[in-house]
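Structure, as structure tokens:
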């Protein structure tokens, strides 16, 4: 018998270079508004689609007793262009992920160990917060200020996912106090007292 | 002191009904291509954004020794319009989530217990599969056939997230054998033998 | 002469109800993730596409000596579904629009009177700010914290536009201090001192 | 044998109402920016996904000796929300589809009978036109002015598809001369002579 | 008279390089999630927007007596970035396009010769199929399994269009049997008998 | 005290190169369907986000007594990928921006000086026009023909914004009369008289 389905098979083969099922990011090639350039699909292996970095607890020996380990496109190029990414949250007892936003995506969180009090504030200035138990999930709409706090006496762990391969992360305290924004500008735009601002600039490494 | 920031405060209050930070689905109102109609934001509580259904193991007492528990917009209306959703996978020893696709979104999986062999096939007909350990994540690009198999001797659990609030789920065996598609049509469009088709129709409740 | 182009003319007429050139919002009908339901196109007039509310200065007799007058889909239903909206900024001498974000869209600002110091902070914690003169425009990427301050001795006016019909507006001080979020939660998630928090809660009408 | 795959089968059944594989338009329900509301999926048949209106030649007994028969969401509700639609072009000898645009989508045309001269003009004012033979396809980017002319001595037929379920259709002559836009406004905004405008208003049923 | 409209004309000319009316794909330049890089617009001709490859019948001398000839961005770079593409289907008597999906787009099919039985299966496991006559169109929602079979005694031809410039094509039999996926993995994830799998691997060139 | 928040701070620093808050266009690097490649974020300053070119009146010493000064991505690379851009309109007494479309975006216009009569025509052939006063805004839906005319005795100025960083601009008269499209083709596709066409070709520099 001659080669069956030959025509279609050819179609497959010849279009290999153009497959747009996925676009594993080439972090060294030009980046555009939609993400990184694609690696050559003929050179991909399953390891381009697997990331093991979230299997290791983040280091929570810090002031906030918490760690966020991202698996965004920059760390896990396999998600580039696919509209999804993940991260791991480790919260030691007393640990806090302070107020922050993800400008580029909504977030869904699942608690896999311990208890976490999580909340967000809407544009209408309403606060939504609750203590979540193992297996509970909560969604944080795109761009809104939210936080997570360990609500139990033991280590809490959560995995979060985002509706973007590069959701971004803007931590409020760092945005306000961790850079060179002059104290008087911070005061004028937040109504915080100068002493309070300078105190936190000291803690977070800010100047001005 | 007179009311400070009064004007802006008014802005907040008056625009309450129009806030589009989120659009918690009203499952009884009209549905459109972008999702469900929104519930009245003034009636929402934090429970609209939290879902506890994934905290309970799915029932794996079935042929595939596996269970998929979805938290899509239909089960968890808080994700409506936010471009993200989740599900839980329970795989008893020997358990399998057979070949399936999500027509509407890409998937990211994180193993939280046990070991899982997971894989997908690209449009270019290449197979990517690997055994994942606890904490490993893997991404499955939108619309491609993929599977998950318990690769250890104990129960395996994973949480998955999708780049859509309603990613859909098309399980290959059900699409082929679990409905009234005539055996001869299945045979013509899959090249499977009629006996094989009839056997699986019997198992999966199909007719024709 | 018989009716020319008749067939095509019919096409026009009969498809009237289905025209999707625009979707002027019907604020009383169901709202979905993509925006408001559309008003009947046969009942629209040019006034549905024109908004005069930005021609009047906002009232700056308040603590921030500033006013933001929105023309989002909720105020100007003509922009519903079109991916664009506007607002007017009035800044009396000393006026400030404090740190805020628009979770749903990027912003472009044009100064039409006076001088304005405007800035934003990136996810990478870098500050970008500059004093803008009449005719200058500045862009604020979606979801990032930004501010505007009158940088001259006279009234400053700007018009801003957004890449969304409902970009949202989350003012940092109100999110933190203008609601019932408990002081200790604010303290834990911002590292601000409790006294500072209570002081601003007093100013902004917050409780807890 | 006990019910196989039972859990997953339940998942299927119970989520029936929420299926978002498609959203066949309910032309009588509210319409939003993303399209029509969805018909109840449980009431759909294959006929919701099939349209026979393009099998009949359009009536070309008119001034332009041409007919455009649309299968947009308004005529073929099965495409609602799917980002695609079609139309049929019939061009008698000498037939012309005059300059027009589709504000909402790009177009791809395939000639299935006869020869058609087709062209478009870019924003950069460059003209691209060519005579197409049977089987040739040509793409017209979204929103750009384009035309089709019968380039042979016999009837020409083409099928076109659009990257939107409701691409819209703005025929230049009708926009300028087929309504009540005052002649002097047309003259001022096109530089055409008043006599020319009035002549075409007469032909196309315009007033003013 | 001096050059009229000069300023605007300059605007045209100087912005030539930035025109984003279209982005004809440069198949040798970096590719990103949104498609290929754009060819220099100043070097384009009408031939970049026309494709003649669908005018020739595909070779149906194969097992399935059918041929699919694509005009995706990889074959027809003019559609790159425009959200649309096409293909031609040739079905000899007895010809079948077996079950397949397009992960990246919805499809609309128009029969231009002969009769075709076409169908798809929804996520809810419902089958929709019908015999289409010349001129009938049918839509296949994104990512769902579908097929086409010659339903007459003579050659059938159809043109199809997609809501994506690179919709992808995953043919079920090739995904299951045409690669090196081990037989036992296929058996575990499809419930097919090993003998059946090995038989089809033999036909389709698979190994393992 | 040891470095506080150290882990998170590291996260910031190391992900600097991957920040996708914005993508300031590198006009010399490859361009894709989503816009220009991004400039290296570490080299950006506030001046990449500010554009002063709209502070200067456009030159209205031309036939139309009007000028359009764009701040699209090609002129203002800071808006690249952000879905927004702007332009300035100067209309001397008697000035006209003739009929044109923006194929790639909707427009919102704010009058900042003088009076402007503005209008657009829908796909359904309805005309919407009105005289706008200072401070009035009007929205022009994507892709529809529209115009602006000075409606007062003094200079009028407006700022416009678009729902795209590269909305395009197709001026009707230039598309029809300002290139090498043969007169007979223009006549056939517009029904204008050849003499009228040749007259305007002469004025606008067209040939053929």
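We just call them A, B, C, D, E and F in the order they show up, numbering each chain from 1.
As a working rule, a contact is a pair of C-beta atoms (placed from the backbone, for glycine too) under 8 Å apart; a residue touches a chain by one contact, two chains touch by 3 or more.
These figures come from a predicted structure and were not determined experimentally.
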Worksheet item: Counting a repeat as over half of the contact pairs in common, which of E-F, C-D or D-F repeats B-E?
Response: D-F
Item to complete: Report, in degrees rounded to the nearest 5, the angle of the rotation taking subunit C onto subunit D when the C-alpha atoms are fitted.
Response: 120
Response to the item:
By C-beta contact count, A-E versus D-E, the higher one is D-E
Response to the item:
The chain whose C-alpha centroid lies farthest from that of subunit C is chain E
Worksheet item: subunit B to subunit C: how many Å between their CA centres?
Response: 35
Discussion item. I'd like the Å distance between the centres of subunit A and subunit D, where a centre is the mean of that chain's Cα atoms.
Written reply: 42
Discussion item. Nearest whole angstrom, what separates the Cα centre of subunit A from the Cα centre of subunit B?
Written reply: 21
Worksheet item: Multi-chain contacts in subunit D: which residues touch at least two other chains?
Response: 12, 15, 19, 21, 30, 32-35, 82, 103-104, 119, 122-123, 125, 129, 141-144, 168-169, 173-174, 178, 203
Discussion item. Once you draw an edge for every pair of touching chains, what topology comes out, line, ring, star, complete or other?
Written reply: other
Discussion item. Judged by the touch rule stated earlier, which pairs of chains are there in contact?
Written reply: A-B, A-C, A-E, A-F, B-C, B-D, B-E, C-D, C-F, D-E, D-F, E-F
Fill in: Touching residues on subunit D, where the partner in the complex is subunit C
27, 30-35, 58-60, 62-64, 66-70, 72-75, 103-104, 166, 168-169, 171, 173-174, 178, 203-205
Practice prompt. Spell out the part of subunit F that touches subunit A in their complex, as residue ranges.
Written response: 2-9, 11-12, 15, 17-21, 23, 26, 29-30, 32-38, 80-82
Discussion item. For a test of understanding, state which residues of subunit F touch subunit D in their complex under the given definition.
Written reply: 96, 98-99, 101-104, 117, 119, 121-123, 125-127, 129, 141-145, 147, 149, 168-170, 172-176, 178-181, 185, 188-193, 196, 199-200, 203
Worksheet entry | Residues of subunit F defined as touching subunit C within the complex | 12, 15-16, 19, 21-22, 41, 44-47, 49-52, 54-56, 71, 76, 78-79, 82-86, 88, 105-108, 110, 112, 119-120, 122-125, 128-130, 132-144, 159, 161-163
